[in-house]
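Each of the next two complexes has chain A plus one more chain, namely chain B in the first and chain C in the second.
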Partner chain A sequence: MMSGTTRPVYLLESAVLNAAGNSAEALYGQAPTANALEFAPDRRGFPLSVPRLPTDRFDRKLQRSVEAQSLRLLHCAARLGPRLEALGLPPERVALTAAIPEVDAPSPSWEAVAAMRQQPDLWLAQWFANTPPLHSLILLNSSSMAYLAEALACRGPMAGYCGQEGAGLDALLEASHNIAEGRADAALVVSTSPNITPALFLRETELEEGTTPLVPGEGAAACLLGVEPAKSDTRNVRIVGYSRGFLSPTPAQADARQADPFARVLNQVLSCEHLSMSDLSAVWSDPDDALLRRAIDNYPVRPGSRPVVGALGASSLLTDLAYALAAPEFAAPVQTNYLLLLNRSYTGHLGALLLAVEPARRAP
Partner chain B sequence: MHHEVLVTGYGLVAPGAMDASTLFRRIAQQGSGLRANPRFQRLGFINTAAGYIDEEQWARIHVATAKLPDITPPQVRLAEFVMLSALVSAGLTVDDFRHMKSGLFLGSNKFCANNRDFAVLCACLDFDGLFDLDRFLTEQAPTSHPFARRVDQQTHHLAALLGVADHVSTHADACAAGTVAIGTAFRSIQRGDIDIALCGAVELMASELPYYMFNSLGALCQAAEWPAAQQSRPFMRDRCGFVLSEGAALLVLESRQHAERRRASALGRVLGFAALCEAEKMTSSSRDGSKYQACMNAALADARCCPADIDHINTHGTSTQSNDSCEGKAVLSLFGPHLDRISLTANKSAIGHSLASSGAIEVVLSLLSLSEGVLLPTLNYRPEGAEFPELRFLSEAECAPIGTVLSNSFGFGGINSALVLGGA
Partner chain C sequence: MRRPRIVISGLGAVTGFGFEWQTLWSEMLLGRHCIRPWQPEGAAGTSFPIRYAAAVDEQSLPAYLQTHPAWSSELEKRARYGWVAASQALTDSRLSSVQWREVAVLAASGAPHHWLSDMQLAFPDDGDEQPSWRHVMRRADQVRRDGALRQSSDRLARVIANELGSQGPVLNISSACAGAAQAIGNAFHMLRRGECELALAGGADSVLNLDTMTALYLLGAASSETRWGADLCRPFDAARAGLVAGEGGAFLLLETLEHALARGAEPYAEILGYGTSLDGYKLTAPEPEGRGASQAMAAALDDAGVHPEQVDLINAHGTSTPLNDRSETLAVKRVFARNQHYRRLSVSANKSQFGHLIAAAGAPEILVTALSCREDWVTPTLNLNEADPDCDLNYCPNEAKQQRVDIAISNSFGFGGLNASLVLAKYRSEAP
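== the complex of A and B ==
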């Protein structure tokens, strides 16, 4: 949690890209419809067409050499460039953290399968031998981050996380700590969903029997954090605190201390500013999560972005963050509103993020 | 309040070594873990040199993890084996973590299907040359096919096994992932978020796909005619690429108060950490070494020490022209006036480059140098052929008490990291 002895951390701007469009407000508009997937007509999802990178920021070669999830990430995060540049900070004071998800793991294998399908006569070894180096390199998460770091001049602290929903919180908190503890004055936090490929569905064998498969979405989300709010803002969004936990999804391995893990996570995050549930203006989470409902004693929760644009994996938290902050009632607050985001990944990560949306004023 | 962070346990598996002291002794005696990889030989690779965990080692790992189902991915078995070693070293049991404010920080870059996996895939091509996914899935156990696996599978396995309830993260920072995982754990304890952490990295990438990836970049040693043990020669003028390797190392870190409460012995301390983004080039750093220098300097500042306080440097030292040139210049520039008393080592000369795991393994070897007072040689190093003769790399092990070590890891894509370690 953010300690009183550290510097405040403000959210300056968000950017999203998903089936609803490329603004958080679009998530409140006409909901997109999940489509049958080309490779599995009985399944639905929210796939996106590959965005075109702005050529004033990125080398043209990247458009054809970088795979889809990284293109979404770069395209989305680049929109924060003008705001970042307006801060006038030296690049060494700008941190970059990323949540780049599981597609990194089996995608090389899947690409090999795709290559076999397209050119079955070509030996696999030949195919790999002729793989351009640039293509090989984008298989590392840090490569996508490097393209972004170069385009947006980030040369401060850096960290990349790989995983599902939990990775988004890891990236956001690492960036917040870097600002709060003085290693950076601003931070770019970026995240992307996995590509919707057959590989994504093959992993569902990990889900418990009877679990309803998620409707996946493709997207990306990013935000810019700073040590002080901009003068022109009508509101200040401060990251007040966080808490996280892990609950093994295998019941036999969940132990007694984890009996009510959400309650522990919830108590920790509220204690950051000595709050109770009644002090909160709104809570965003999965209203169908029984564990969560029990922890918050049926306090009304608003659903996150998942029903609108599908499960976005590592980019879900930042998408939900943008979604929450785009709610019209918090656009120009007259008093402090505390907003809480709670999530639980199906692999077991629990996360709680507490924000204060305050009337605009200069940071102390 | 900042908590002091102690290392109270560690475990590792490296090519030809099942534990840290075996590896340390072997390197001290100038023994290499790099050999011709039989799998690479069978596949007809031009350069077959690699550091790999051999069948005898895997047999021991299987015995120690016999309770796991047969289909368990090797990364998970390896992670569990090393975790058990680290816990024993720290005087802990598997059940202890669940009663503590704990975290798990694991570096790993990707799960790569190997030749065996591809052979199965190829067997499922139909007469039209199309891949028959239904047949493939029918013939595979549900969780054994490569697409069911993830890069964070071992993280979740350990988290569930240990009952870690507070912080679980997977770090994908290329060759810096192990160091960043340790550094992040260090900061979490220092900050007071958790009391104890298991951290490090597990990486099995000495296989076909990474070979193609790195070879296509020209990053692997180009002198296939050299014996495997002589191919990794960091900081030598005739170096021409790294040798792919694999392994795992995990450390137990905890706050001094927590360690003292349970009367654990300290094996060393983590004093400082930095991870910086350089946004320079994908596979090379600033030619003058300034970006690496900035990272090392930031780690020193985090540890509240200065160049004069460092006794020994465990370099990233990959044996590529680009890395070693930049790192050498950075060390010269930052430590110039103190270089006559600073020794350096490049462990990858003996064990190759295990990517995410390399930083974690090197931290363990550095801690052993601190506790044993033995400085490790850099294999294949001859002062007369060195690019930076001013840097005191050792050709033979040397006994010398040291108090502070800087351990570097610089990753593809420009993620630079460094840890400052102290004796117990």
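== the complex of A and C ==
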């Protein structure tokens, strides 16, 4: 990507929702404070209250039946609806890709579990009587995608990814390829963080030794991609290149070659437009990641959204993307600015995304 | 610019038929299925209405696989099956371990397994309070190691990547029953555009638990029929009454033809195209006219540069649910309408033989499609005894059929209207 034989891909609009608010600019304002978590007072995080879905887009029943993480996603993505509709495309030309973590617990089934505790001899009857029919379906990523496809009229190519930070990049890239290779003319990319539950901490055995404990946040982020920038835009944001890799976080697999995948990812992404680090206007990443700093030879990096609103898991990439583009110095560029987002998840996924922020094209 | 050709050069499958793809294939050609009496753990002897499934029989594990690290690792069983299938595909490919680092990993996995015992930890001992995560945290040492609270769904992709020492990319796919097809389709595109030269792609799943099977039953998706005993999975039959769940997984090693030939590998089949679509219709039902499904097939054919009349076989999604089988038939008729080519096509539904592997479903089905292309055999659709007037294609009822298969399509259509199709071809040294 994005080779000379494919079509360009432009970012038309993005939307975020997190503890700082529902605009990317809010991430530069008064930083929210991490709170002690109700279920683990010794841990902190940035939980969100559940947003209300716009009833002109979604069936009212969804507000009650859909898990919190999906409500965040639907709420955030719906804000891109007007811009998508303004493109006037047939639904079959609009792709939808998603990065959605697994739901850690089927809270709707707690009623069933409670009923069984009260009458254990009738447990099967209680289980059936108290399990909502859509119980498992609301846990599926495909359900959130189906609600969105219906509400925003997306009937083109699809892809769903589930995982940690890496999933956001996977969703963005698949959408970009669908546009670049002509299978779609626009794409909605959606992502959400996991709900803050004990699972986030019970899985910490996977963390590298010495890693700072996770401070999770809840949020969602989405963006709309298209094949042409809008004429009214003050700038064009073009997706220029990417690279993905994997670096085993398991000590048994770690060896002296550990820095190689990072260097490979960096070389690949820069080679998309024959750039070197000195051509970049800014790099966003984790300034505390020693491996990353070594790979980029201590080039100065700006921290992403994590210190502001917590670790947002699958929605971190799109949140960081919106955050980077909201930096005031790139609002109305007079020349091309190359921005690089680099990420290494605690589970080992490496990702690099290169953007070009260009002066808006003038109509001939 | 000429696009690189992408071939399948390694196969691995764990299903109710056993732990080797060769067993799967030979049993399927014999017209057998692996659906057996089944009850969820903890519900044996109860009136639980789902009584049959295509479960993996771990008692039949071959001796040479008993030392595989999957069995001694703290993993959900789906991840164990997937890991073993991936290892088999790697062995089958004869890829040198020196090249393992170059393998991209793409795995589909389903919704995590929520253990009833873990959910019960959310309730206080005295029963006066509401359920709360606080109680789970307090009793964290009692949380099962192989459940959703301890295992993220991307674990399978990562254990495979760790075993290989893979430098990535490593992707975890989640698109319901289209998941494994998406994994293989994404890998195909990644190879074709040069993002990697080798990819291990597929999926693994098991919904054979109280939690998920209850939901599938309450939705009316899973068959609770008892009239036919274990022969209750009847895709396209007039008396079909719902899906029969299976478990297991399959992985394929994909690589560029150039790479395969350079290392002396013999391809099983070639992948020509991949297409997807969204119904945008309803969560619980496919679009009744099959528009989304036909769009996915048409997109895959377009991607492949293949005319519909060139297709010999469709490996159908064929769930044995009244809605899917009817709309899939309509979709096939729409795509292959020209010269009524749909009358000449063979259609096969593998779920009648090894059940519905949900997120992993596409992986063994694409594997079988590849073998159909190589061997010129079409596997049967079992228990198709009384034709549904709405399902009037050539479904190869009950017996395998020897037939030339140059080009085939494999369909996977997920809950919520997520559709994926792949076009495969018989491998020939010259381009098709």
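In this section, the second predicted complex is superposed on the first by the 327 of 364 C-alpha atoms of A that agree within 3 Å, B and C clash if a C-alpha of one lies under 4 Å from a C-alpha of the other, contacts with A are read in each partner's own complex, and residues count from 1 in each chain.
Quick note on the criterion: a contact is a pair of C-beta atoms (placed from the backbone, for glycine too) under 8 Å apart; a residue touches a chain by one contact, two chains touch by 3 or more.
It should be emphasised that the depicted structure is a prediction, and the values quoted were computed from it without experimental measurement.
Scan A:Ser281 for contacts with chain B and chain C and give back first, second, both or neither.
neither
Under the stated touch criterion, which partner chain does A:Ser23 make contact with: chain B (first), chain C (second), both, or neither?
neither
So, does A:Asp260 touch the first partner chain B, the second partner chain C, both, or neither?
A:Asp260 contacts chain C only, not chain B.
With the two complexes superposed on chain A, say which partner A:Glu38 touches: chain B (first), chain C (second), both, or neither.
Touch status of A:Glu38: second partner only.
Between chain B and chain C, whom does A:Ser65 touch in the aligned arrangement: first, second, both, or neither?
Touch partners of A:Ser65: none, neither chain B nor chain C.
From the superposed pair, tell me which chain A residues show up as contacts to chain B and also as contacts to chain C.
1, 3, 91-92, 96, 100, 102, 104-106, 109-110, 113, 117, 124, 128, 131, 133, 136-137, 139-143, 145-146, 149-150, 153-164, 166-167, 170, 174, 177, 183, 198-199, 202-203, 244-248, 250, 253, 261, 264, 347-349
Which residues of chain A touch chain C in their complex?
1, 3, 5, 38-40, 91-92, 96, 100-106, 109-110, 113-114, 117, 124, 127-128, 131, 133-137, 139-143, 145-147, 149-150, 153-164, 166-167, 170, 174, 177, 183, 197-199, 201-203, 244-248, 250, 252-253, 260-261, 264, 347-350
Given the complex with chain B, which residues does chain A contribute to the contact?
Within the complex, chain A touches chain B at residues 1, 3, 91-92, 95-96, 100, 102, 104-106, 108-110, 112-113, 116-117, 120-121, 124-125, 128-129, 131-133, 136-137, 139-146, 149-150, 153-164, 166-167, 170, 174, 177, 181, 183, 198-199, 202-203, 205-206, 244-250, 253, 255, 257-258, 261, 264, 347-349.
Name, in rising order, each residue of chain B that touches chain A in their complex.
So the residues of chain B in touch with chain A come to 43, 98-99, 104, 108-113, 117-118, 121-122, 125, 128-131, 133, 137, 142-143, 145-152, 155-156, 159-161, 163-174, 176, 180, 184, 187, 191, 193, 208-209, 212-214, 216-218, 274-280, 282-283, 291, 294, 298, 411-415.
Across the complex, what residues on chain C touch chain A?
1, 43, 46-48, 105, 109, 111-112, 114, 116, 118-120, 122-123, 127, 131-134, 136-137, 140, 143, 148-154, 157-158, 161-162, 165-176, 178-179, 182, 186, 189, 193, 195, 210-212, 214-216, 218-219, 275-284, 292, 295, 299, 303, 414-420
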